[in-house]
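As C-alpha cells, here come the structures.
Next come two complexes built around chain A: one with chain B, the other with chain C.
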Partner chain A sequence: MTALSAAFSLAPLLPLLVALLAAPAAMLAGTLKPRLAAPVGTAFAALAFLATAFTWYRGGGTVDLAWAPTWGMRFTIALDGLAALYALLATGIGFLVLAYSSRYLPLHLDQEGRPEAEGARFYGFMLLFMGAMVGLAMAQDLVLLFVFWDLTAVASYYLIAYDRHDPDARASALMALLVTGITAVLLLIGALTLYATYGTLSVPDLAGSVEPGVTLTVAGLLIACAALAKSAQVPFHFWLPRAMAAPTPVSAYLHSAAMVAAGVLLLGRVYPLLEKSQFLLDVLLVVGLLSISVGAILALTRDVLKQLLAYSTISQYGYVVFLYGLGGEYGAAGAAFYVVSHALAKCALFLTAGAITEETGEDRLSRLGGLTKRLPLLAVASGAAAAGLAALPFTIGFFKDELLFEAALERGGLFAALSVLGAALTIAYTWRFWGGLFLGEGRDGAGSLPAALVWPVAVLGGLVLLGGLFVEPFALLAEAAGAASYGAPTPIEPAYHLDLRPTNLMAVGAFALGIAIVASRPLWERGALAVSRFGEVLGPERLYEWGVDALNRLSDYVHRAEVRDLRSRVAAILLPAGVLVGAGILVTPTVGAYRTGEVMRGDFPLLLALVVVAVAALTTTFTRRHVTLALVLSGAGFVLALVYAFLGAPEVTLVAVLVETFLTLLFLGTSKLIPYKVLHDQAKLPLGNQWRRVFFSCLASLFAFAVAWSALSQPAAENTVAEEHVRLAPDAHAQDTVSAILADFRALDTLGEVTVVALVILGVATLLNRGRLP
Partner chain B sequence: MILAFSLAVAVVFGSGVFLVIQRDLLRVVVGIVLISNSASLFIVAAGLTRGAVPIVPLPGGDGASASDPLVQAMALTALIITSSVTALLLSLIYRLYVSHDTMDIEDISVAELREAEALERKNRPEIEENPEKGPAAEELEERSR
Partner chain C sequence: MKNAPARTPEITSVLVRTIAKLLFLPILVTAVAMLIKGYAQPGDGFSAGVVGALGILLQYLAFGRRTAERLPLVGFAGKGVFAGLLIALLVAATPVFLGQPVFTHYPPAGASVIYVGTIELITALLFDTAVFLMVMGFVLGGVQMIAQTIADEDEYRGPEATGPEFDASAGTDVEPSSGGGRR
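After this line comes the complex of A and B, so read on.
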C-alpha cells in the first residue's frame, strides 16, 4: 500500500521521464536500423503528449526531491498550468513535426547525398530538445531550470548545424549557442544573487519572499536578459534569422514550441518576481515594442520564405513580452494564450514553406506564386494558419488579439494605439507570405507532395480553425498558465461579441490599417529597406561579429605565446599560479601573521647546515661545467639530509642520502652518455639576457619566501595528529611511527608511489632502448 | 628558526627557478631537483612539533613530544617521486640528444616548429612557396642568435 502511494506521489514525473527517454530510444532504434528511428521517435513524442495530458487531467502535482540540499538545490518539478501548456506544446507540436520529418528528412538527406543512417542523429537531438523543453517547463528550482535551459541550447546547436558540411550552418549554430549560452550564464548569476539574499532557489518560495529593491532589480534584469536572448528579442534578435540554416522541421519546432518559446516560458515562470518591480515590467514593455516593430518591418522586406517567418517570430514573441510587460491578469493569461495560438499557426506556416521548397526547389517569394491549383489542400490548410496569425475572425488568432487589446486598453490609449498598429503590421506580412505563395499567375499541374508533408499542416490549420469555434479548452489552459504566473485566478472569457465594444473596434481598425499597409506598399517599401540596411550596417550583429573576431585573435595570440617553446609552456602554468598566490598574500592580513621563531641553543649546527645548503644552491647558478654542477647539487642534497637528521627525522635522512647518491650517479652517467664536446659547447652557451632571468628568479624566490614564511608562522595546533600516530603505532605492530604511516595508515599513498616508480622504470627503459620496450 | 627555514627554502627555490629558465636542458633538470629539494625542506620544516625521533618507546616517556611523523612520511614520498621524475627527465634528455644532436631548448623548439610546418604543408599542399622553413621557425632562429 505504501509502495503504491509512493508511486502515486511520483506520478508528476511521468511526462518528464517519457520525454527524456524518447531521445535514447530513437537513437538506439536508429543504430539498430536507420528506418526505425522516425517511427520510434514519433511514437515516443505521442506518448509524451499523452502522458502530459493524462497527468494534467489527473490534477498535475509536484515532486520535490533533495538534490544538493546543503546548497539549497532541490529537484523540484511541478505540472502546473504553465508547465502543462508548454509541455503539451513541446510534445504535441513535436509529434507533428516529427511525423512531417519522417518524410521530409529522407528527401533532404537524399538531395545532399548523405546516408540514411544520419537520420538517427536528427531524431535523437529533436527528442532531446523535446525532453529538455518538458523539463524546463516543469522545473521549479532555478538551478534545475538552468540545467534544462542549457540542454535546449546544446540540442539546438546540433540541430541548427545538422548540415554540418555547410560552413554557414556551422557559423549560425555557433552564433545561436553563443548568444543564448552566454546569456544563460546571466540567468545563473541572477539565480545565485537571489539565493545569496533570500536563501532559496525555488521560484514559488522566492515569489513569497522577494521584496522590491536593488537585488530584485539586478537579478530580475539578469534573468530577463537570458529570457529575451532566448526569445530572440531586440537587441539579441539577430541569431534567429541566421538559425534558418537548419532543416525546416527544426526551424518549425524551434520557433513554435522550443528554444524561442523557452524564453517567454522563463518570463512566465519568474513573472511573480518580475511583477514586483515596475522598472522590470517597463523594460519588458520597451523591449517588446521594439521587437514588434523591428521584426514586423524587417519581415516586410525579406524575400526568402524562412527569413520572413523568422522576423515574424521575433515580432510575435515581442507581443508576448509586451503582454507580460503590460502586467495584470490579462497580461499573464493573454501571454500564455498568445503563445499557444502563435505556435499552432507559425508551425503550420514553416512546414508549408518547407513543403513548397521541396515541391518547387525555390525558397524565395519573388520566384513563387500561384500555387493554389497545384497544391489545393496545402493552400487551404496554410490559409487557415495564416488567418490565425493575422487574427482574422473564426480562428484562434482572433482571441489572441482580443486579449492583447484588452490588456493594452487597461494601460491606456497610447498602448492601445501601438497594439493596433502592431496587429496591422502582422496582417500585412502574413498576407505577403500567403498571398505571395498561393495567389497570382501560376503553372497548372498536379502537385506531387507526399501526404506526410501535408497532413501535419492540415492538422495544425484545423486546430487553428477549431480554436476559433471552440475556444474553451485553449482558454482553460491559458487561464491555468496565467494563474501559475500571476499567482491568482486570471479569468479570460474569449468570445465573439456582436457589439461596438472597444476591442471589436480596435480589431476592425487593425484590419483596415493592415489592408492599407498592403495596398500602399510602393509608398513605404523604400523606407523599410533603408531600416533593414541600417540594421545590417549598425545592428547588434556587427557587435557580435566584432566580439567573436576579437576573441579569436586573442586566443590565437595566447596560443602562439603559450606553445612557442618549453619555457613559455611552463610559464603559462606558473605565471597564473604566481598571480593567484600573490593575490592570496596581498589580501591576507599581515599584522601579527609573521613570526620569526626562537633559536634554541642546540639549533646552531642546524642553522649552519641551512646556510651551507643555501650557498650550495646559489653556487649551482654560476657553475659552468656539468660535472661540477652535478657535484655541487649532490653536495646541497647531502647537507640537506643532515638538516633532516637535526630535525629528528632519521628515515628521511637515510632516504635522502640514498636518493642523492642515486641522483649523483644518474647525472654523472648522463654526462658520460653524452659526448664531451656537446656538453662543452652547451656549457659555453651564450647565457643571453641574464639580468632578466635574475630578476624573475628573485621574484619567484620572494614569492616562495612569502608563502613559506606565512605558512610556517601559523601557530601549531593544540592536539596534533602526530600524538595520535605515535599512540597508534604499537597497534599496527610497529615501533617506528613513520614506517607505520607509510605501510599502514597511508598505505594507499605508498602504493601509488610504488606505481609511479614502476612506470618511471618502464619509461626510462623504453627511452634508452630507442622507443621500444626492452 | 621559522625565518631561517623560510629564507633557506626561498634561496634554494630561487636558484632552482634561475636554472629552470636556462636554455641548457641539463641545467633545467638540476633546477627541478633544487625546487623539489626546497619543497621537501618546506614540508619537513612545516612539522607541528619538534622533538625526539618518533620511535616508541619515546625516551621521555609517554607524554614526551616527538617530531611530527606525518611530515616525515610526506617528505619521504616527495623524495622518492623526485628521484623517479629526475631519472625520467634525464632519459628524455638523452633521447632528445640522440634524435636532435643538441640539448639546447631553442634548437629543439626550432626543430619542433619545422616539423609542425612540414606536417601542415603535407595536409595543405597549396602553401609550397617556402619549403625549407616557415616564418615562425625563421623568427625563432633569429631570436636565438
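After this line comes the complex of A and C, so read on.
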C-alpha cells in the first residue's frame, strides 16, 4: 500500500480530526490572547462542519484500525447516514451557538465580574463537546462509543458548572455527571455481555449475528438504559431541568445537538440490535409515551423560560424514543427527521430565551410579554422556530408530525390517538412560550440587542422555514440515517397533500385540540400543578438525593476511619494481608516448599548487608523523630541497593539508589512543610499501644517472610516470561533486557505508570499551588 | 537537620558552590548518556530523569531557588511532565494509524538500524525520552512547588513571628535558626 493510498483510505477520519483539534486550538488561542478564543473556536466549528459535509458528499466511508485486537476492540469509525446527520448537527449548530456565544459570553462574564480570560475554558469545553459528539456519531465499536460517550459527560460537567462560584450550578453538574455517568457503565456492561456471547464489539457485525434471547434482552435493556438517561427520559429526566444552571448557549447546545441528542443517537446506532426483540421496542414505547406526557404537562406549569424549554425537550425526545419504539421504516427514518427539525427549532428558542434575558434582565414568563415592538426581528425569527416546534404548515416541523402520525397509524388507532394528543400538548406549551414572550401589552422603545445575539436565531428560524418549503435535503439526510439504523432503505416522502388523508386529518385534529388546551387553561391548571408537586415529593429525584446522601455518609465514615490514625490505617492493610496470605500458606502443601541452601564463604558480605537492613527496620519501630525515621528508612533502602549489587543486578541497583535518594530528599522537604512545633510535639507523644503494634508487625512480617521463602524455594519453571524476554531482547535491538522490557515488551504498563506520575503532579499542584503547574 | 534551612545562600559554603558548579554539566551529561545508552547498558529514561533532576536540585541547594529557576527550561518543569506524556501517547498511538498494534516500535525486529556513532535510532528511544521528561519534570516540579510553599509560609509568618514561636516550643532541643526564612 503506497503512502498516498494509505492517506486516502484514512479520509473519513477528517471530520473527527478537525473536530477534535478544535478544542486545543481554541484553548491555545485563548491562552495567547483571550479575545482570540471565540473567533478561532467558531472558525474551527465551521471548518468541522465543512469537513463533515465534504466527506459525506464524497460518499462517507469507513476507517477500521486495530486498536486492541486481542480484546476484540477496533478503532472503527464510519461516516454513514446516521453519523453524518448527527455530526452535521453537532458542528453546524455548534458553529451557530459559538457565534452567539462570542457576544453572549463577554456580557455574561462581565455581569458576574469575571475576567475575560475565563472565556477560553468555555470555548475549549464546548469544542471538546463537539469533538466528542462527532466521535460518538461516527464510532462503530461499542467500546469506542463508550469512550466518546463518557467524553461528552465530562465536557457537559464542566460546562454546566461553568459558573463555578454558584453552588447550585455545581450540584446540577454533579447530578448530570452522576446520572449519565453511572448509566454509562450499564452501556459498557451491556457491550461486554454482547462481546462475551458473540465475540465482537462492532455494531454492524453484532447486527448480523445477534439472536433474540435472554442475552440480547439483558444487554439491550442495559444499553437502552444508558441512552434513555442521556436523553433525559422518564425516570431519569430530572437532571435536565437542573442542568439549566448552565449559561444559555450551553443549554441550547446540550438540548439540540449534543448531550440529549447523544442518547437517541445511541438508540439509532444500536437499533439493529434492539429491533430484534419486541420486548425492547415495547419498553421504548412506554418510556417514550411517559416522557411525552410528563414533559409536556410539566412544561405547561413552569414559569422560568429555560425550565419550560427543558421540559419540552424531555417531551420532544420522548417522541423520538416513541418513534424508535414504533419500529418499522417510518419509525427509524422518522426519528432521525424528528431530531433534525427539533434541533433547529429548540436551539433557536433557547438562544431567544438567552437574548431576552440579556435584554430585559428577566427570566420568568410572568414578568415578560409584549416584546414584539422592542425586538421585531427576534420575534419573527423565534416565531418561525416556534411554529416549527408546534408543527405548523410551511415549516419543517409539519413533516416531523406527518411522519409521526404515519408511523403511529401503522401500529394502530390507540397510538394514533396518543400521538395526536402529544402534538396538541406541544402546540400548547410552544404557544405559551412564544405568545407569553412576544404578545400582549408591552413597553415601547427600541431594543438594544447586539446583532450576534439575533442573527443565529434568524438563521435557525430561516432554516425551519426553508425546510418547510424544500424538504428534500433534510428528508434525504433522514432517509440515509434511517437506512443506517434500519438496515434497509427507508423511503420517506414528506410532502403537502391537499386531500383528506388520515395524517392531514390528524394534524388538523391536533391543531384544534391544541387551541382547545390553550383556551381551557383555567380548567386544567390546578391539575397540572398537582402533577408537578407530586413529582417533586415522590419523583425519582428524591431517590437520587437519598442515594447521594447515603454515599456521602459512607464516604465520611470511611474517611474518618482512615484518616484518624495512621497506625490503625497501616494495621488495616497489614492485618488482612497477613491473615489472608497466612490462610493461603496453611492450605498449601508444605512438602518441599521450604528449603534452605548452603551458606558459602562468599555470601558473607551479603549477609552482613542484610543484618544492617534488619537492624534499620527494627530501629524504625521505636524511633520517635520524623527526620530520624526518614534517615533510618533510607539507610535500609541504600543497603538493600547494595544487596542487589551483590546479586549482580546493576539496573535494579541503580534505580534503587536513585529512588532512595529522591525519596529521602522529598521526605525531608515535605517534613519542612509541617510547622516545626507540630512535628516536635508529635515526636514527644507516647508511642501508644505498643503491644498491639508489635503484634501486627510481627504477624504481617512473619507471613511475608514465609511467602518469600516459599517462592524462592520453588525453582522457576522452564521457559518463563523472563527467559522469553531475555531471548527476545536482541531482536528489539537491545543489549539491556530491562530497558527493552520497559520500553518495548511491557511498554503499555510503563505508559500506565507514567500516566500516574502525571496525575500525581496534578494532585500536588492542586494541594500546594492552587492547581497551577510550575 | 530539622528546620535548618540549607537553602539560604549565606549558609552554603564556597566549597558547596564550587562543587555544584563543577558537577553541573557532568551530571547532565551522565543523565543524557544514561538515556541514550539505555538500550545497551544499565540505565533508562527513569534513571536518567532522576539523575538529571538531582543535578539541578544540587544547584537549588547551592545557589538558592531564585537563581536555579533561571536555568533554561527549569521553570517549565511541571509542563514537561505533560509534554512527555504527549510524546509517550504519540509513540503508543501512531502505529495504530499505520495498521499495526499499539506500541509497535520501528525499525521492527531484525531490520537494520540507523546508527549515530554507536547509538541506535529506534522509536523505543523516543518513548524513553518521554519517560525521561516526565520523571525529570515530576521531580523538579514537585520540589519547586514544595519550595514555593515553604517560602510563602515563611513570608507569611515573617522573621519576627518565627523566632518566639519556635523558642517557646523548642525547649532544649536543637534550635532552628530563627529568621532563616528571609534572605
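The definition used in the following text is that the second predicted complex is superposed on the first by the 569 of 774 C-alpha atoms of A that agree within 3 Å, B and C clash if a C-alpha of one lies under 4 Å from a C-alpha of the other, contacts with A are read in each partner's own complex, and residues count from 1 in each chain.
The definition used in the following text is that contacts are C-beta pairs under 8 Å (C-beta built on N, C-alpha and C of every residue); 3 or more make two chains touch, one makes a residue touch a chain.
Because the structure is a prediction, the values reported are computed rather than measured.
Contacts of A:744 after superposition: chain C is touched, whereas chain B is not reached.
Once the two complexes are laid over each other on the shared chain, residue contacts for A:10 go to chain C alone; chain B is not touched.
Judged by the touch definition given at the top, the superposed model places A:586 against neither chain B nor chain C. For chain A, the partner touching the most residues, choosing from chain B and chain C, is B.
Of the two partner chains, neither chain B nor chain C is touched by A:500.
By the touch criterion defined above, A:68 lies against chain C but remains apart from chain B after alignment on the C-alpha atoms of chain A. Contacts of A:735 after superposition on the shared chain: both chain B and chain C are touched. In the superposition on chain A, contact is made by A:661 with chain C only, not with chain B.
When both complexes are overlaid on chain A, the residue A:537 reaches neither chain B nor chain C. With both structures placed on the common chain, the touch criterion links A:640 to chain B but leaves chain C unconnected. Applying the stated touch rule to the two superposed structures, the overlap between the chain B and chain C interfaces on chain A comprises residues 650-651, 655, 659, 662, 666, 670, 673, 735-736, 738, 742, 750, 757, 760, 764, 768. Against chain A, the residues of chain C that register as touching in their complex are 1-3, 38-47, 50-51, 53-54, 57, 75-79, 81-82, 84-85, 88-89, 92, 96-103, 105, 107, 109-110, 113, 120, 122, 124-125, 127-128, 130-131, 134-135, 137-150, 153, 165-166, 169-170, 173, 176.
By the touch criterion stated above, chain A contacts chain B in their complex at residues 564-567, 570, 595-600, 603, 606-607, 610-611, 613-614, 617-618, 620-621, 626, 629-630, 633, 636-637, 640, 643-644, 647-652, 655-656, 659, 662-663, 666-667, 670-671, 673-674, 678-679, 682-683, 685, 687-688, 693-694, 696-698, 700-702, 704-705, 708-709, 711-713, 716-717, 720-722, 725-726, 729-730, 735-738, 741-742, 746, 749-750, 753, 756-757, 760, 763-764, 767-768, 770-771.
Remark: chain B residues 1-24, 26-28, 30, 33-34, 37-38, 40-42, 44-58, 66-70, 72-73, 75-77, 79-88, 90-95, 97-98, 101-106, 108-109, 112, 140 touch chain A in the complex. Across the complex, chain C is touched by residues 6, 10, 65-69, 75, 627, 631, 650-651, 654-655, 658-659, 661-662, 665-666, 668-670, 672-673, 676-677, 680-681, 728, 731-736, 738-740, 742-744, 747-748, 750-751, 754-755, 757-758, 760-761, 764-765, 768-769, 773-774 of chain A.
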